[in-house]
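Shared between the two complexes below is chain A, which has chain B as its partner in the first and chain C in the second.
Then we have the complex of A and B:
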């Protein structure tokens, strides 16, 4: 899993050397930013259901045609699956906040996502709308500190870009 | 390769839940500078640790450097020093990551079989690793022994914490123990 620490170790290992001072400084930089990331991860983890639920409602509100017969949100089963997908994205964003890199999103969310949505004939615009809603919903200091919100929003932007 | 953070993520993903034990990770972050000091203490003394460990192993078993021994001639002694350094290096990586996966995947996987095929004696290797384990503990605690180091004693001089980084000493020792159990 790609993170600052694993990248540093992989580079040191490729050169066959012990971790150098500059390696340790990169790790220290990552550790110093970790407090904000972990704060965002903690708040998101505690409210995951509500955040994902609001994002899901927002995308269905913007694209009501999805409720029409035969569309992606038409039956209870489909609705549950749509809500679950949004929740998966939010969970992967929490993981990425923990790791301090986009590794979990890349490996478990984005790899193959285009092919899956094409095979299932799912539109990506509603996902973009749901994540954009979450992107603009976060508010400081109500939800989390400013630095934590920056880290959180950056990952939402990354997920949105991967879909558009 | 995983680190302490991605290990928590992989564990949470197995049950599709969010990472809930964030306090453990916060503790990891809070003691981050101690960890970096510990890694630095080992990396800065690595060549001394390796040569002392191999020399100690040979002192206890002189047969290794007599004709037919596994550290004779120089070519095989050099291979022995190189291997001790490789093992110490991967232990250092594991200590930096806070997770043993790099040590397991890149160093220990298949090491026992390789040594068996090459005829490297396990008991001697384990002894050298045990010496490095004691040295690593002394360097992380920054308490090298006066009696043994003599005029070559070298202190890292980092800030002394009340418990002398007992948890990091225990963690580093667990990685050395992992090497020992993988070999025997």
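Then we have the complex of A and C:
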């Protein structure tokens, strides 16, 4: 699992050297942000269903053209796809908060997933819109501390950017 | 191309173009240029293509705009817009790796023999941080042999799907299949994406020998059926492999019993039924099949109530769990689920499409002959896997009356199935 620590050690080992001062500084930076990340992970874990649910509900309200009845335009289509997959991405974001790196998202959510979406002509827009809503909705101190929100939003941005 | 989800947003062409042309800082909170760029895939017109090209030329690096550019590149690829090649070509030097990835992919979709464009794509193999797998796929698709030795260097890449694409392409260019066992081995990787992607490479390399292993790969049957079907489409017409050699594996995949899969996960302790039910919601179907198998082996008696409960609570809205619940009712031969299975057989919402064929197979397991006319009705569907599954289910009931109806079916696999059966009968 890729994290700041494993990346630094892997690079040092590949070159047969000790980690450099700048390597240790990046590890130190990651450790300093760990409390904020773990706070975000805890809050997200405790509210996963609500956060994911709100994200897709809000999307449906936000885009009136999603509400039209009919097979492929139905609200249910959008809801069902989003509810399931948004939860999956939120879980990977939570893992990434714990790891302190984007490894879980990269390895289980992004690498190859873009190819699968393209190959099967699956829509990425619902995920992008729902995750964007989650990013814009986060509020401090109501949901979590400012530092925790920064860490959480950075990973949401990362997921939105990588899936789109 | 599967277009089930293309009309998700129900915008008109003019509305989508107007949205896409709106400057990002003036876009209303209720609108999305990203959705507009996605939606224009439904309009293969000059004005839609021109709007998408204009969107790519908006180079504001803010993420909101960057994702619109990428999606516009992808949509132009889907529209196979030859006139967009120059602007897409220019995206190959973009700083954003995903814009580059989409540009490479779009060039593959549009197709070109222009050696300048092809060499620029090949040069990306030397650039750090790129999606090499997609670059290799496009070079293979466009038969750019001058890249062979550069691609060969990726056959030992630490990223397995990249290595798999490289091995496959070397095989396609040289007809040397000696490394293909590594690609077949990926069908058993613990990472679900690696498993899915290896099927794509086996399709690309027309490696018919792998069909039995594809049929046993623990991924959603959608990926297995796509793989087997595409290999059949390339191999049967040229006589490389007869339909009858593919048929058992095709039908094994359609039946989709967890006992016919080589599962890659194991439990470290005997799981409870509530845990197993929750596993049916996993996005990695390999885990769902393990849960299904464990439920059948250890919780068969208590499972039906738990399945009805989870279906009512959230399974009816979750296209993954919905599918597995239908399958399980069949394997459990749980007759009280008959009405639910019939409802699922007729469910036309696109995300539940695979549950329809699952319901057909499950109804055959229940063995209630009331299902026969409903299964016959499925033969009028345009969904090939539903039709095929209905034929298999009817066969279980000893009913072969449907075959005469489908000997001239639009779908060649259905015709093949009918022909083999009619030959057997006569």
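As a convention for this text, the second predicted complex is superposed on the first by the 128 of 164 C-alpha atoms of A that agree within 3 Å, B and C clash if a C-alpha of one lies under 4 Å from a C-alpha of the other, contacts with A are read in each partner's own complex, and residues count from 1 in each chain.
One rule holds for everything that comes next: contacts are C-beta pairs under 8 Å (C-beta built on N, C-alpha and C of every residue); 3 or more make two chains touch, one makes a residue touch a chain.
None of these values were measured; they are calculated from a predicted model.
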item: Touching partner for A:100 - first (chain B), second (chain C), both, neither; value: first
item: First (chain B), second (chain C), both or neither touched by A:57; value: neither
item: First (chain B), second (chain C), both or neither touched by A:108; value: both
item: First (chain B), second (chain C), both or neither touched by A:24; value: first
item: Chain B versus chain C as contact partner of A:160, first or second or both or neither; value: second
item: Contacts of A:10 with chain B and chain C, given as first, second, both or neither; value: first
item: Partner chain(s) touched by A:143 [first = chain B, second = chain C, both, neither]; value: neither
item: Common interface residues of chain A - those touching chain B in one complex and chain C in the other; value: 88, 108
item: Chain B - residues contacting chain A, complex; value: 1-3, 5-6, 8-10, 12-13, 16-20, 22, 25-26, 29, 32-33, 36, 39-40, 42-43, 46, 89, 92-93, 96-98, 102, 106
item: Residue numbers on chain C that touch chain A, as the complex places them; value: 1-11, 29-32, 34-35, 38, 63, 66-67, 70-71, 74, 78, 98, 101, 105, 131, 133-134, 159, 161, 191-194, 196-197, 200, 222, 226, 281, 283, 317-320, 348-352
item: Complex interface listing, chain A residues touching chain B; value: 1, 3, 5-6, 8-10, 12-13, 16-21, 24, 27-28, 31, 34-35, 38, 41-42, 44-45, 48, 88, 91, 94-95, 98-100, 103-104, 108
item: Complex contact set, residues of chain A against chain C; value: 62-66, 68, 71-74, 76-81, 83-85, 88, 107-108, 111-116, 118-126, 128-129, 157, 160-162, 164
